[in-house]
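Presented sequentially are two complexes of chain A, the first with chain B as partner and the second with chain C.
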Partner chain A sequence: MRDDGLNIGRRRWILVGLLAAGFASIYALDLQWSQLLPNAGGIHTAGQFFARALSPALSYESAVPLHTPPLLIKALAAAWQTILFAAAALSLALVGGAVLGFFASTALWLPAGAHEPSSGRPLGAALLGVMHALIRLLITLMRSVHELLWAVLFLAAFGLSQMSAVIALALPCAGILAKIFAELVDEAPSEAAYALRAAGASRLQVFCFALIPCAMPDILAYVLYRFECLLRTSAVLGFFGFPTLGFYIAAAFENLHYGELWSYLYTLLILIVIADWWSGLFRRELLR
Partner chain B sequence: MNELRSIAVLDLYRTRPKNWPVRISVGIMFALMGIAWLAGDFFPADTFTQSRQANVERFLRELLPFPLHNVDFDWAVAARWGWEILDNKGFEALYTTFLISVAAIVLASVMGALLTIPAARNIATDQPFGLNHGSPSVVSRLLWQIMLVVTRGVLILLRAIPEYVWAFLLLALLGPTVWSIVLALALHNAGILGKLSAEVTEDLPAAPLRALHALGASRAHVSVMAVLPVGLPRFLLFFFYRWETCVREATVLGMLGIASLGFWIQEARARNFYDEMIFLVLLGVVLIIVGDVFSSFARRWLRRLS
Partner chain C sequence: MSDGHVEIRNVTVAHASTHALDDVSLSLQPGEAVALVGLSGAGKSTLLSVCSGMIRPDSGSVEANGHELAKLTAAQLRRVRSRIGFIHQDFSLVPNLRVLQNVVSGRLGKRSFVGGVRDFLFPADDVVQKVYEILDSVGIAEKLYERTDRLSGGQRQRVAIARALFQSPDIILADEPISSVDPARAQRTIALLRQICTDRGLTLCVSLHNLELARAYFPRLIALKSGRVLFDKSVGCITQAEFDELYHIA
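What follows is the complex of A and B.
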């Protein structure tokens, strides 16, 4: 640690400052602490809602049309749909992220090592530089618009089509993956790249056979983490009418079927905890 | 010669490290992606019908600011149109979104900090920092164990439920106040921050903490006087990382009916004012990029400290 790293006094002021910022925001938002206590109706709803937490419904709480599958099957089917949306979006995002990440990394157009002379074509280099900047801008735009906002845009343009949900999930994910791919490839250990370059390999060969394999463990770990995030968002997209878990959560809430609501909530919880555990295990195994 | 070389390469290939959990995971991932396209009904029959295409064309036409329809493009008119939206709701929505994110992340870190101490395995145990308190007692060990498991369970519960679901539930319980969104963001992020800082706490150098405790400082003393100052740069790193996410989510959560940016986006969509909608979405992009840049500067500065 450096000297300034142990400057406890400054740390105290950082803490006080951040706390003050928080309370200033609460004050500026005109929030009263008394609003935190729900009103009489709210207390009633809250009571009913939390009373069912320990007894989630195992069958429907109202009459359903004949041939409706049992509630648990339906919850599992919704979870399966959630997974399908996330997986479809991930496959699109992988393709988009790989292509954009390839162009956004500097490995292709910067010299592989300090000893390598830059190519004697200033015009070509300038063009590549402009393309690089444009791709970076596109990536930033893609990931700066939230999945749900993409969904709102696509819903307005295409109407309620499953494909719009998949694309809405895939676009920001592709942007993030492209950024991470490019960064990981650029930061991959460069010894192998130098060696291949010195042995006469082309830039593309260096990219495919030295940089990508070196960056692969980090890339895979990150992709699985993104899948976990996609699952969460895919569940939330249900609130917009797609048949994922969020749809049934919203429907159960509007029908005041709190037991069913908890069944769906627990399904979501289990799904996300499993995904969390899986991606954690994967990361530990890969980065060991 | 050529043959020899290829044998050497093949040997290298055959003896490369293999990790079965990783391979199985990647296999499952690819299988899921394949099944998704086969089983998921992503191409309904009416994807490319006339009415849908007409709808898309109308949408694209209406992205142009309204005063510019059927006239030549004029920057002055477009600027006046944009300023009017900003003046009417844009600035206020941006300000509200920003305030919500700050209030939420500060509340989240207070809650997260409180949950960190009973969730850290080196503090919440009957042998804190590796020291024994007299003769070991089964009851106290069991009680500490229960507290650890319960706290960790609460953290998992908090972060496993997405912000949007929290906000949806809280809106119904608290009524339409901004608290619902602030609390939704705060609860979800408290789960994440609590878990991350518990891990940091467990990885702190053990000797200073043990020394303090051996001198008579209680668990609370050690937490405030040693864990907090030593771990602070890392805690702040996570704080700014999550704040960035809070800005993003605060924008969107407005769609549930609280006057952040998302509320006006949803409202513009409901009125089919697509030009206004896209303008507000781009406004949100600006806010998020500013938040990203600020947060990454703050984190770079903090990384020099740790």
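What follows is the complex of A and C.
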């Protein structure tokens, strides 16, 4: 009982410490509400910008070359491109994440390592340990660089190609998925895994047919959430010149076409809302 | 033929995380039906896990189907295990899979990875037919495509039995298979297990809390107490004094 009391006390102090750290960072950055008040020119721009929020453009705000598709068609095409980049990246990230997740999980030592005959190869076990650590390091590296930073690197290295955009999106996503897969699989109930192991199944089979299915509801929810994140990032990649929504948002902003800007923003919003609705539907159907 | 034969010689297990075994020797003949009895913590589960090679003893030898488990490579051990059906206390099924998939997973040890994927996602007609027949033999054929977590405890237990049978095993080991079902169902389950194993000529070893059922359905009882074999006899030769000693808590 006294241990519990101590534990609660310690947790309380950790919470207080975290709160204090949060306020300290605000103090260190010298954040003030007055910084949100723009100067005179800024007020004018902000006014123009927000004034168009309720009246987004339905057609171009300046003359466009002949045969340019209507604005809304263009927005839909950009949304479609945004989806394509996100879907392609997610497909690659799923494969990478599943493979790396397997090697990063403790499924390699399944089950209850101490009792399993290690087939008498301590060198093999040591190599396995080194590989496990290296894979975990690789996953951390992939995650620690943001999609946009990868995009900058790949643009410099390979130029403006669809492949560099998709890889830039897929790399950190694969790292995140690998980490989540490994954690969810390690937390999944291991009784079924143990039973399959006892029936002669290999580690890979146990991973795929017992651990993954047990963790599937959580995995699915997380993968769909990542898809939503990828959609947003895919849109922002347009700032670098890829034909996603971000490209047109940036262009409209530079040309001061705030009406068009809002049209594209609303398209992005609708895209995310639809993705959210669809993923909910998808989960319900698949997990039924 | 050594299929269905289990031979344990002077096995000692002293792992901290399991109930210990102390110099246990026993032999199961092909087609024999044996009940392991004793108080919880006596080492019954440990003994069953030793038989299937899931726990490696600190000393002594274990032979199953004519193979000494300690001398096998990982791949050989998997092959031996694929011939041993193990029914776990908690059934150890994947709750959010269909019954068909849970039963099919019993055969993974005999399948390549790709073959396993095929069985799992696109099972051939003859595979479905075989699973159906096995489910029929345990009385839940109509649950073939049901999600496993929608079944009652008794039905799940039958899925676990079906999964073990789908392995086409020579030996069936069952660890307290009736600990989570009501008494009437417990009796039917033990009767069913005995019937199936007799029909197919399988060696059956069941650990049981319930001494009445053990005496009623099994010709031979092996009693464990504190990790040691207290007696190993045909049921008619066991004296009341021996039973009293088995359940006497010192």
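Miscellaneous remarks
One rule holds in what follows: the second predicted complex is superposed on the first by the 231 of 288 C-alpha atoms of A that agree within 3 Å, B and C clash if a C-alpha of one lies under 4 Å from a C-alpha of the other, contacts with A are read in each partner's own complex, and residues count from 1 in each chain.
Definition applied: contacts are C-beta pairs under 8 Å (C-beta built on N, C-alpha and C of every residue); 3 or more make two chains touch, one makes a residue touch a chain.
Being a predicted model, the structure only gives us computed values, none of them experimental.
Within the superposed three-chain model, A:C214 lies in touch with chain C and out of touch with chain B [touch as defined at top].
Residue contacts after overlaying the shared chain place A:S202 against chain C, while chain B stays out of touching range.
Of the two partner chains placed by the overlay, only chain C lies in contact with A:Y194; chain B stays clear of it. When the shared chain is aligned, no partner comes close enough to touch A:A126: not chain B, not chain C. In the overlay built on the shared chain, the residue A:L268 is in contact with chain B alone; chain C does not reach it. In the overlay built on the shared chain, the residue A:L287 is in contact with chain C alone; chain B does not reach it.
Measured by the number of chain A residues touched, the leading partner among chain B and chain C is B.
In the superposition on chain A, no residue of chain A contacts both chain B and chain C.
Across the complex, chain C meets chain A through its residues 15, 17-18, 49, 52-56, 69-70, 73-74, 77-86, 88, 90, 92-97, 101, 105-106, 108-111, 113, 116-117, 120, 163-164, 167.
Residues 111-112, 114-117, 119, 191-192, 194-202, 204-205, 208-210, 213-214, 216-217, 287 of chain A are the ones touching chain C in the complex. Per the touch definition, chain B reaches chain A in the complex via residues 19, 21-22, 25-26, 29, 32-33, 35-37, 39-44, 46-47, 52, 55-56, 59-60, 96, 99-100, 102-103, 105-107, 109-110, 156-157, 160-162, 164-165, 168-169, 172-175, 177-179, 182-183, 229, 232-233, 236, 239, 248-249, 251-252, 255, 262, 265-266, 269, 272, 274, 277-278, 281, 284-285, 288-289, 292, 304-306. Interface of chain A with chain B (complex): residues 1-2, 4-5, 8, 11, 14-15, 18-19, 21-23, 25-26, 28-31, 35-36, 38-39, 42, 45-46, 49, 81, 83-85, 87-88, 90-91, 94, 140-141, 144-146, 148-149, 152-153, 155-159, 161-163, 166, 220, 223-224, 227, 232-233, 235-236, 239, 246, 249-250, 253, 265, 268-269, 272-273, 276, 278, 281-282, 285-286.
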